[in-house]
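Multiple structures follow.
One chain, chain A, links the two complexes that follow: it is found with chain B in the first and with chain C in the second.
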Partner chain A sequence: MSAPSSDWSFEPLKRRVFRSPSDTALSLLIFALLAYGLFVTVNWAFFNAVWSAGDAALCSEAEGACWSVIDARHRLILFGLYPYELHWRSTLACAAIIATVVLSCLPFFWTTRRLTGLWIAGFGTYYALMEGSMIGLQQVTTDQWGGLSLTLFLFSSVVLIGMPMGLGLALARRSRLPIISRGVAVLIDFIRSLPLLTTLFTAAVVVPILLPSWLQGDKIWRVILAFSLFFACYQAEVFRGGFQAVHKGQTEAGRALGLRPWQILSLVLLPQVFRHALPGTINMVVMTFKETAIVIIIGLFDILASANAAFGTGEWAPYYMEVYAFVGLIYWVFIFSLGQYGAYLERRMAVVSH
Partner chain B sequence: MTEPMPIRKTNPKDILVQSVFLVIVVVLIASAIASARTNLNAMGISSGFGFLDRSTGWSYSFSLVERSIDDPYRWTLFVGFLNTLFLGVISIILATLLGFAVGAARDARNFALNSMATLFVQIFRNIPLILQLVFWYAILIHMPGPRQAMSFLDLAFLSNRGLYTPALNLPPIASLTAFAFAIGSIVVVAKAVQSGFAKRFLIWLAANILLLAALVLFSGAGDSAVFSIPALKGLRFTGGITIPVELVAMIIAIVLYGAAYIAEVVKGGLRAVPKGLIEAGRSLGLSERTIWFKITMPMALRSIVPPLGNQWIFLMKATTIGVAIGFSDLFMIVSTSITQSGQTLELIGILMAAFLLINFSLAQMINLLNSRLQLVTN
Partner chain C sequence: MKRHLKKMAGLAVVACMAASPQTAAAKSATVQKIEDRGTMLCSGHNGSYFGFVEVNDKNEWKGLDIDLCRALTTAILGDPDKAQIVPLSWAQRFPALQSGDVDVIIKATGWTMGRDTELGLQFSLPYFFGGTQLMAHGELGISDAKDLEGGTVCVEAGTTIERIVADYLKTLNVQHEMVSYEKAAELRSAYLANRCDAFAGWGPNLAVLRATEIENPESHKILNDQLSSEPIAAAMRQGDEDFVDVVNWMLAALLLAEEHGVTKANVAEMAATPPNPTVARLLGVTPGIGERLGLRETWAREMIAATGNFAEIYDRNLGKDSPYKLDRGLNNLWSHGGVLYAPILD
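Our next item is the complex of A and B:
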């Protein structure tokens, strides 16, 4: 892509604020509005807020935010109904997932083998810590997982299962065998034109009817598999775009060198496809993290459900705004930083391809 | 090689692989049907669409048309379908208008305007839609009651029961006809002016504003025969129309979230306009405004419309989260019907068919728009 056409991005700031009388008036009006908004927010969140720990009674007279509710309820919001004295395990488990995501952003890990190894290690650490029985700790079953740790669990397992599934679907759709490529194309288009909620709801409610009882498994795993299928259908299109970006001559050159078809795929095509698909993939990962919030409707106890529970009891009921602000901030920090990183990569790759 | 295109002989291995694939698919479907039969028999549910004629016996939050708890399932499902369409269309229109405004501001030269638009996009795009929805809903249901309702120029009121706005004091059919007539006349006027999309858009906008102004002027004169404005009578409002809080929260959440995404699409389209075209306009001595409406926007629209269409389809699908706050869209009606009647497979089939229908029609409309746009600008 070409450089942005707006040539005024680098103009001196003074000219971008006070170019003409009407510009000046508009600027002053907007700055006044922004300043007022900032003033109200800061007053609510900091100066008039109650910070002291303890009971809700202190908050009833305050004009600002009542952060005591976060102090009293943050364990519930972050870890759900996980046994209280084992919270160190869910803390470490969440840290493992966050570290995995952060490390994936380093160019050092950008080979298929390293990235796969990193994600399996990160997810394995998470699962071993949360579940416990595999490393000789007290066992905690998935129905007790909740809050942020459940959200991260859904997110990481969907990405881990959905990514190879997406690659498989993309390859099947490129297949020269018409029945396979058409069949997969119909599946991808079908899932993509349904709302995610419909897919998850089908997995939670309808699939038990279609499967014999020994195959049904836990609801959480059915939802994760359906979510992964949804992710894979979108990711397959991202990969397909990547395949289209690789010149056809590359395959022919590989064939001329006498490489086998799978060698052409894994040594010539895929490394380039992954690179081309990177911005779209990051976009999908960010989308997935955002969309996990929807599982509250299926009845899973994710961070939004635990937030609702946090102010659900009598004394904290008036402080819903603080709880939502806290949860919103957690989401925002994750999604904003990943999104900025994706935009940075896209810019960097645009420069390289010139 | 004498042949220009080598014709591939069908490889026996290929046929084998595809047959195995087909057999696996058929076996999977057959076993799913078989176990569905056993499971449904065990639950004592007979499959089929006969339940559609039974009356539901339960109520729900919102409907555009007459309804009662004695309605049969077919009518209740239709109401849900209407609600989804209604909410989707309103949200798409408002989100597109707001998104274009914010997107243009994202590309504006004025630094203050630019920063405000960036702030808007970064806030509303980076928080899950469902979290925004429950947030707005929580704020709305904690608003004061009708007696202390928030007033906007004494024309519209906002309380914890909903938004009260002025309305045409006509039977619904007459209102709909008037609305269709207004839209039609605008289209005719726009068609008459064959001078590019931007001007038509402006005329359309101006006509809408005029219509709105006329509405406000008329109703400002008091309760007339044609217009009715809401007024507090005792404990509740009479006159006008009441938009329930669930719908208000849905519209606010979807419009803000959708507008943030559409703004990025619009910004991208504006930035993709070749710089040379704008410089050519400048060297012809065109004013900045003329350049924006006659060169930048028509060029940008070509690259805006395809991703914009994806956003529209996304917003349509996003209406399903209404169940989180009890807005009776199609998904909520279907899931309630499933718990009440047990006809899971039939109902989920109806839900999927409805969404395939909506999204397919929407995609066709977008394709049409896209091809029209290419013709107009060429």
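Our next item is the complex of A and C:
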């Protein structure tokens, strides 16, 4: 990727933006509109805003944003219905998940064993802290989990379970046994032809009616498994694209060198498959982060549901804009970081720049 | 399979009752399940439904429906904090009840024939009547729809409300102009911009709108007329009549307490010196109210001590002590011009 900074020197700017009088006029008009928009937004969000929960009474008079609602209700947005006095546990659990994600971005952890160990440790910490009974704290059942911590948990478990599952499905689809490859193809097409909402609704609501109670498990795990299956079916196709990009000759070359099939797979094919599949994979991961909001419809109290609850009371009802802006900012921070991480991986994994 | 078991349990209950008609009613299977579990599973919402289901600053549920659930929990388990609120979406509530994810749905749910029959539910006595009402600008100085003569009424296009308002005003012989808007937001701004004199909607929603979105809540008047009415009731699974009795008498006890002036504050005093036989029966001083439902004799006393009577619950969540200031109207006792009544406590 060439540095874009040279495009920003004055000469090309002049050439592109102020080429003719009409261009200049149009450009200036657009700049003026943008500047005005920025001015209004900044005024609303900062200069005319009311900040503290104690000043809530000032909000109805104020011209700008009423951030008091965030001050008063941010714990609801972040932690949902988790018991109020135990929020420190939810905070630590969130930190554990975020730390796990950040650490797994470090090249030091990029061996299968380290990465697996890290994720099991991070996930175990999260679960132990949130649930509590395993480490001798007060038990908090999964139906009380909520807010950002639930969204993070759903997202990371779906990706964590769905990614290996997707790889498995992609490999099965390449199988030479028609019954396996056809069967998997039918499964993938079947799951993909159902809306995610239907899949999740079935897992959350219909399964308990059909299965005996000892087979049902916790609602949150049913939902995570269904979501992971959905993710895996799409991800399998992304991986398949990666496999198709590797020339057949490489497998043959590996065989000629006397490598065993699993060695060919892990030493020759997979590193290249991952590289080819990376843009699609990042796409899937980012979409999954946003799609977790769908669980609102099956009564899980994720960040969007708790945001609705945050302004869903007489006192704070007029300030939904502020709540949505806050939640939007949280989504943006996470998704932007994911995107940046993807770009970093691509740079790192590039063999040669084309 | 589950349903079969439940039916068999129900039959067993009936058989027991037939065998010993003199003794107290057998305990409801659902109540037994709740007691074994130690918590009561009630319906919450995936977010908030103004006045009925909300979350406060301490991340705890509140609202009219939540308080009724807490009252029911106190009646059965003796402790309002044993209520476990399961967040449910609208679409999810009936399957969740059937699958046993919740014991009862108390969630602004209207009693309709389809739900009563096809969905296999049974409903309690209605505890709330919400219907189409009109809100008008305060400066008009009117309080009844008949004064809308020559005025403009705004409604949402294509809803049943449009027809209800037209029929109602025609019956009153009030000449008016009806303007319909495609979207609720347009309708709201049209009303606020004084393009209509009055605006029609579901009563509780009008109250919420007045309290939350309109700058000067005092300058808008919700008119006295009730154009239509939808009974809101608790929904339960078919097949456990004894549980319906428990829910009905929970509601009845709250209404009786209001009627006889038993409040959260004076319930202990009233129990010590009951002013009349009904209160004595209600508070378990004269035995019967507990035994006949398979509950403790003091369940109603404990419940009122925990949540207050129906008026207290209403005022706190929708009425004069809430931000919404919704008048009792139809939701008053029959003796105060409303339609809520309790069966006779004998």
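FYI, the second predicted complex is superposed on the first by the 312 of 354 C-alpha atoms of A that agree within 3 Å, B and C clash if a C-alpha of one lies under 4 Å from a C-alpha of the other, contacts with A are read in each partner's own complex, and residues count from 1 in each chain.
Everything below uses one rule, namely that a contact is a pair of C-beta atoms (placed from the backbone, for glycine too) under 8 Å apart; a residue touches a chain by one contact, two chains touch by 3 or more.
Nothing here was measured: the structure is a model prediction, and the numbers come from that model.
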### Task
Would you mind checking whether chain B and chain C clash or fit side by side on chain A after the superposition?
clash
### Task
Look at A:Ile294 in the shared chain and tell me whether it touches chain B only, chain C only, both, or neither; answer first, second, both or neither.
first
### Query
Taking the superposition as given, does A:Thr198 touch the first partner, chain B, the second, chain C, both, or neither?
first
### Query
Which holds for A:Ile335: it touches chain B only (first), chain C only (second), both, or neither?
first
### Message
Looking at A:Ala256, would you say it contacts chain B, chain C, both, or neither? Reply first, second, both or neither.
### Response
neither
### Query
Just chain B (first), just chain C (second), both, or neither: which does A:Ile30 touch?
first
### Query
Between chain B and chain C, which makes contact with more of the residues in chain A?
B
### Task
For A:Asn308, select first, second, both or neither according to whether it touches chain B, chain C, the two together, or no partner.
both
### Query
So, A:Arg73: does it touch chain B (first), chain C (second), both, or neither?
second
### Task
Could you look at A:Pro208 and tell me whether it touches chain B, chain C, both or neither (first, second, both, neither)?
both
### Query
Both chain B and chain C touch chain A; at which residues?
201, 205-206, 208-209, 212-213, 296-297, 308
### Task
Sort out for me which residues of chain A touch chain B in the complex.
1-2, 4-8, 11, 13, 16-17, 19, 23, 26-28, 30-31, 33-34, 176-180, 183, 190, 193-198, 201-202, 205-206, 208-213, 290-294, 296-297, 304, 308, 320-321, 324, 327-328, 331-332, 335-336, 339
#### Entry: Touch list for chain C against partner chain A, complex
1-2, 44-51, 54-61, 84-89, 91-92, 95-96, 98-101, 208, 211-213, 215, 322-324
### Query
Mind pulling up the chain B residues that touch chain A in the complex?
8, 14, 17-18, 21-22, 25, 32, 35-36, 38-40, 107, 109-116, 119, 122-123, 125-131, 134-135, 138-139, 142, 270-275, 278, 313, 317-318, 320-321, 323-324, 331, 335, 338, 344-345, 348, 351-352, 355-356, 359-360
### Query
Can you list the residues on chain A that touch chain C in the complex?
60, 72-73, 75-76, 79-84, 143, 201, 204-206, 208-209, 212-213, 219, 296-301, 305-306, 308-315, 317-318
